[in-house]
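Structures for review follow.
In what follows, chain A forms one complex with chain B and a second complex with chain C.
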Partner chain A sequence: MTTQDLAATFDRLLGPESAVATAPMLALGVGVLAFLIVDLFRTLGRLRPLVFLASVGTSFALELRILFADEVPGVVLDGSLHADHTTAIWGLLFLAGTLLAWIYSAGYYRHQDKPFKAEHDALMLTAPVGMMLMVGAGDLIVFFVGLEVLSIPLYALAAFRRARTDSVEAGLKYFVLGTFAAGFFLYGAALLYAATGHVSIDALAAADLSSPMALAGAAFVAASVFFKVSVFPFHLWVPDVYQGSPTPVTALMATGTKAAAFGFLIHAAGILPASAAGTVAAIALVTMAAGNLGALAQEDLKRMLAYSGVAHAGTLLLVVAGALALEERTAALNAALVYMAAYVFTATGAFGLVALLEADGDRFTKLESLRGLARTRPGTAAALALFMLSLGGIPATGGFLGKWFVFSVLVDADMVGVAVIGVLFSVVALGYYLRVIVAMYMQPPVEGKAPPTTVRPLTAGVATLACATMVLLLGVLPGWYLGWLG
Partner chain B sequence: MGLVALTFLPLAAAVVIALLPGRNAALLRAVAFFATTLVAGMGAGLFVDFEGGVPGLQSVYESAWFTLPGADVPVHFRLGVDGISILMVVLTAILMPLVVLSSYGHVKERVKEFLFWLLVMETGMLGVFLALDLVLFYFFWEVSLVPLYFLVGIWGSDRRLYATVKFFLYTVAGSLVMLVGVIELIYSQGTSDVGALLANTSELPAWIFASFALAFAIKVPVIPFHTWLADAHTEAPTSGSVLLAGVLLKMGTYGLLRFGIQMFPHAAVDAAPLFLALGAIGIVYGALLAMAQTDLKRLIACSSVSHLGFVVLGMFALTQAGLRGGVLQMVNHGISTGLLFLLVGMVYERTHTRELDRFGGLAATMPLFALFFVITVLSSVGLPGLNGFVGEYMILLGTFEASPLWSVVGVTGVIFGAIYLLRATRKVLFGPVVHESNRRLADLNGREIALMAPLVLLAVWIGVRPNTFIGKTAGTLDALQRRIEDVRGAGDSAAAPSPIVEEEQG
Partner chain C sequence: MAELLFYVLAAGTVAAGVGVIACRNPLFSVLSLLGAFFCLATIYLLAGFPFLAATQLLVYAGAIMVLFLFVIMLLNLGDEEQYAERPPFGKRGLAIAGASAGVLLLIAVFSVGFGSVSASDGDSPAVTSFPDESIDDVQSIAELLFSRYMLPFEASSLLLLATMIAVILLAKRQRGSGAEGAGWPWKKGVEQ
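Let's turn to the complex of A and B:
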């Protein structure tokens, strides 16, 4: 290879398009490195929030540049990464979710966890890089790298409340099962490569995948991603891990991981045959049943939200089924973008409020101790009620808009029966969301169990207000956001 | 713009109330009363200006809302009235200030929240009746569930939590099935404009009609979906019951007419026998239920099932008299059942019981209460000269043209109605005073008289001069009836082509 060839290759790989496409991730990477430096000097410790905000803010601006550019970079780096309006919107959602989770984490940790503040923030800043790689991946290898870049920080973060056994258990459980799922993914990708000679997603979608080896590969890849988004029967880890993890981390897990994995699933839906639509729809409905029925039985808000997360994964999987049946993914992609936008703000807000309640002690996340919250903390109660209605998909909230789009895809794909069963599960879901509102607004406080008045950090109030504003904005005036979609 | 102000003024007032300090209940009530009275005035103005003889939509307001990507369907924020909705709007607007007034007597705790939800509810209800975009309609339709959920759940009586969750889940189940139909309709027709969808003459799929009809039938409620109603009505605070009977149930019958019969005339003609049967069975079954009740409030709740059976019967007779009577009876039921719930609330505030056996002889201690009670009961049983008679008579007449059988069944409901309501009147008002505590009850005060007087006046007005109201609906309903005749005619000629036509073709 001559020098010219090498130079040409570098030009091709590192041209201006590649720079634009990778810049949002690089901005976060620079932030992570800055954390390592800042952490070396005791006097620079105060700069940590600044580093975090600067890094996320820069990345946010760079994603906005892609979103509003006339010409998007498109496929770069030899087909291994793509950057367009869709990935930009995903990126913005990841960044918003990470930022909100980080704000809620301020003041969340107990004294004994504090020494690792810099590590905590650096790990949180790493996770969205993985998410961006996952939705931008052009081939299975880049997706796998993204998956690991996302997962490894989350394994560590899950166990971050070191003094507590449930947190350590959550970290370990997530790590063991997550590694297992990663192994599945690699095995599946290898089988796909062996069967077709491709790892590129577009090439795989175009290739003939009818051989048993290719089908097995696609099934393994799908199973691994299903694990990440907590789809039946790979959802059993969710309640324990979500409950044991520090709540801001749970928020990031529930929203970011799910969004990134669904972004990939819809992009890569072509790997699965169109005939799989019925199977995927059936899995989705069973997931909704498992999540909703599980949530109905919970007495703890955090655990209930975990099961509700499973149910929402089932709803989104319906979109994937719709994409398969339609053999077209724009509508499904739009539906997922709307649904996840609402879910990111709703679920992060809800988990954030759980984090606030936990400040008074673990038992304050029990539904029973929410009684009378509307009188003692009217702001918290109102916000939590709003998030519950949004999770239940009641109009004037973003949740409704998401539900509308999901069921539009199904109706469009002539899956009316599936849609009707799906909407009826939302009725079950409202059964437990309403229990939270009933406890807060309609039941008197339990005698002698009045919640202590711990001082709440102002930051949490700001984050909650931001979440609530976005939930209402998406629900009432969604025009600006829908305008971003293709 | 007028309609936008009308719809959102209550919401604006709700925001004002949310921002005011909660301690000063008098100020909060004054704000709520002022806002609702203003809306009532605007509603009355709208009613006077409305031209009844003309079919079609009037005072339409439209602005872009958002576009559904993919399908490229523009969704508009579009409001307007026609002969069907005008009566519902004016009924809602007039009832609200009276409901606010009535709440002075029974809501003493968490007044701020109560008035907030009451006002949000008014915006939701007016939005349902005025929305002329299917997305907007669905939006208001589901949003209006939330305030009532809070009103019943916080200020209701003993079994309020059970009742409110049952109410919410029951109605939301129907609404969500309708959502699938709404989506299919919008995407298949490429528009969400109600005006355009109503003007569409092609036959729309019957399953969409079924999904709409299910949601509305639960809301009305049509037998066998009525079980939530008795619980919600009984457990709700007086204001909630009045709103539920006066307006919320009308959302169901309004929906059946607008988004059932008017939008799907073909399917409605096919389904008419079923709805006639359900309506007539509802009349009798509701009346039998009411006869068996010992709780006065529950008795009125069951009578609602019976009375709304009349509305359904009249509408699905699909004749001129039936349609007009059905729409008028919606208003009548709002007035007379609203009054009944107000009266029960007033006597409950004094005696803290609703058991029929705990009353007796109240006519002697509370003569004014007795006067209002008797007028209301007579209006409800359909005494000529009062509103109920006009509606029921037109409905039965209209139904007789369509189906004599169900008309006869419906008439028995009138008789049953007289039995249970007059029996209840006897037990409450007449006879000896059984319980000593009932001797010292205070009669109605000025506020209570003032809040019931407008409704009694309306009842007499409709009884004597029904054309003031029927006239407003005539244009729209006659156009609808012509449309149904066309559909029927087309159906008949398709089924059995007349020989004359064949000859001409030959």
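Let's turn to the complex of A and C:
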């Protein structure tokens, strides 16, 4: 390649489209670097929240710019990255989830003697870059790098409360199993490449993938992504890891990782054969059963939410099954976007309130200490009740809208039986969500078990209000959001 | 001749791989791993990828091996008694898992077919013939890295940065709290 060729290549690659498409990630990357510099000086330490907010805010604005632009960048960097309305909405969801988790983390670590808050925030800022790479990935290599950019910060953040055995255990479990899953992904990608000669997702979807080697590769890739979204039988790590991790990190793990991996799964559904729809639907139903039945048995709110996260992954996997069965994938994609939007705000809010209750000790997240919460902390109880209703899919909340879209995709895909079983599992789920509400509103407080009312950081209140508003907005007035989807 | 050498090396790789998990002394495991890396590097060389072979030796046999050996020496893992414990799940479960993975792989291998690596098949271009030699020189790799694969290449730098921060976060000694490793739950037990 001559110098002129090289210059031409760079001109082609680094045009304005590439800049627009990568700008949201670059804003976050610059934020991470700024964090490291700011943290060097004691006097600048106070700027840290500002750097975080500026970085996330800039990235948010840049995603909005893609969303509202007449011409989207489309596929840039020689097919490495997609940037369109869909990835912009995913990006906005990731940023919102990260921002809310960060706000909830503000007062969370005050009992830890040396919080290392700068490293915590820098890692939290890195995670959404990984998520954006995952949903925007044009080929398997970009997806893999994105997966690692997301996972490695989360491994470290899970073990963030170093003085506690359960946190270190969570980090180690997540790390060992996560790297194992990453190895599976690489192996699967290598087999797919060996069978077809492609790593690009579009080329793979168009290629003939019927050879056993390609099928094994697709199965390995699917298995590793299933691990990340905690689908049966790869969900066994979830309760321990979600419970041991610091709660704001759990919120990010539950919402962000799930959203990014499902965004990829629906985009890359073409890699799996259409005949896999039945299998995927079966896995989804078993996942819903495992999550819901596991959650029914829990006495601890955080662990219950972890199992509930597994159940929600099952519901979303039904969308993937629908996407496999349908020729036209737009409906499935929109269903996933609506469902995930509701889940991001609901689950982040619910985990955030757990973080708030946990401030004075882990024992306050037990169901029995929630009794009578409506009398002692009416605001917290009302918000938690709203989030529980949304997780359960009661009308007028975002959760209902999400479920409605998911099941309508299934009906379109002629999977009515699956949809009926899925709805039945959603009813089972109400059993444990309503238990929380009953405890808060209809049972008297237990002496000495109720959480003290001393700690109420303003920041957490703002974040809870934002989550609750979004849950209601998506449930009652979803028109603007559905308008974004087109 | 080259084909015979390939089978010898492939068998050597598998044997060394088995050695990694079968040896009870971690030091021997590491040395088996080294053997596996050398065999792999030679296979790359045979297939006409000298740069890949050199990188494999430099990165894996060089840097990573030294790291492994360092960790083993520092942590004094030579004592095999503590590894005598078996994993909690039964041998039957392991056997089922291993057998199913093996069957899956055999299917994959037979779907390509032994010896058909260079046969022209038509619908699987990557394995039909080895790519032109020009792919393996440093310049073409660099050109690909900075054009088609620019995004993953640049994103990897962020990945490395995040990894560094993560490692520092986990390994940093907590100042002012006394003994080395203070703040780790298992070290507390030792101090008491």
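Note that in this section the second predicted complex is superposed on the first by the 477 of 486 C-alpha atoms of A that agree within 3 Å, B and C clash if a C-alpha of one lies under 4 Å from a C-alpha of the other, contacts with A are read in each partner's own complex, and residues count from 1 in each chain.
One rule holds in what follows: a contact is a pair of C-beta atoms (placed from the backbone, for glycine too) under 8 Å apart; a residue touches a chain by one contact, two chains touch by 3 or more.
None of the values given here were measured: they were computed from a predicted structure.
Using the contact criterion defined above for the overlaid structures, shared-chain residue A:T330 touches chain B, although it does not reach chain C. By the document's definition of touching, of the two partners only chain B reaches A:L389; chain C does not.
When the shared chain is aligned, chain C comes close enough to touch A:A195, but chain B does not. With both structures placed on the common chain, the touch criterion links A:G361 to neither chain B nor chain C. Of the two partner chains placed by the overlay, neither chain B nor chain C lies in contact with A:G45. Using the contact criterion defined above for the overlaid structures, shared-chain residue A:F400 touches chain B, although it does not reach chain C. In the superposed model, more residues of chain A are touched by C than by the other of chain B and chain C. Put simply, chain C touches chain A in their complex at residues 104-105, 107-108, 110-112, 123-127, 139, 143, 147-152, 155-156, 158-159, 161-163, 165-170, 172, 174-177, 183-186. Taken in their complex, chain A has these residues touching chain B: 330-331, 334, 389, 394-396, 400, 403-404, 407-408, 411-412, 416, 419-420, 423-424, 426-427, 430-431, 434, 437-438, 441-443, 477-479, 482-483, 485-486. Put simply, chain A touches chain C in their complex at residues 1, 6, 9-10, 13, 22, 25, 29, 32-33, 36, 77-81, 113-114, 116, 119-120, 122-123, 126, 129, 133, 141-142, 144-146, 148-149, 152-153, 155-156, 159-160, 162-165, 168, 171, 191, 193-197, 208, 211-213, 216-217, 219.
Considering their complex, residues 64-71, 138-140, 142-143, 145-146, 149-150, 153-154, 160-161, 164-165, 168-169, 172-173, 176-177, 179-180, 183-184, 187, 207 of chain B touch chain A.
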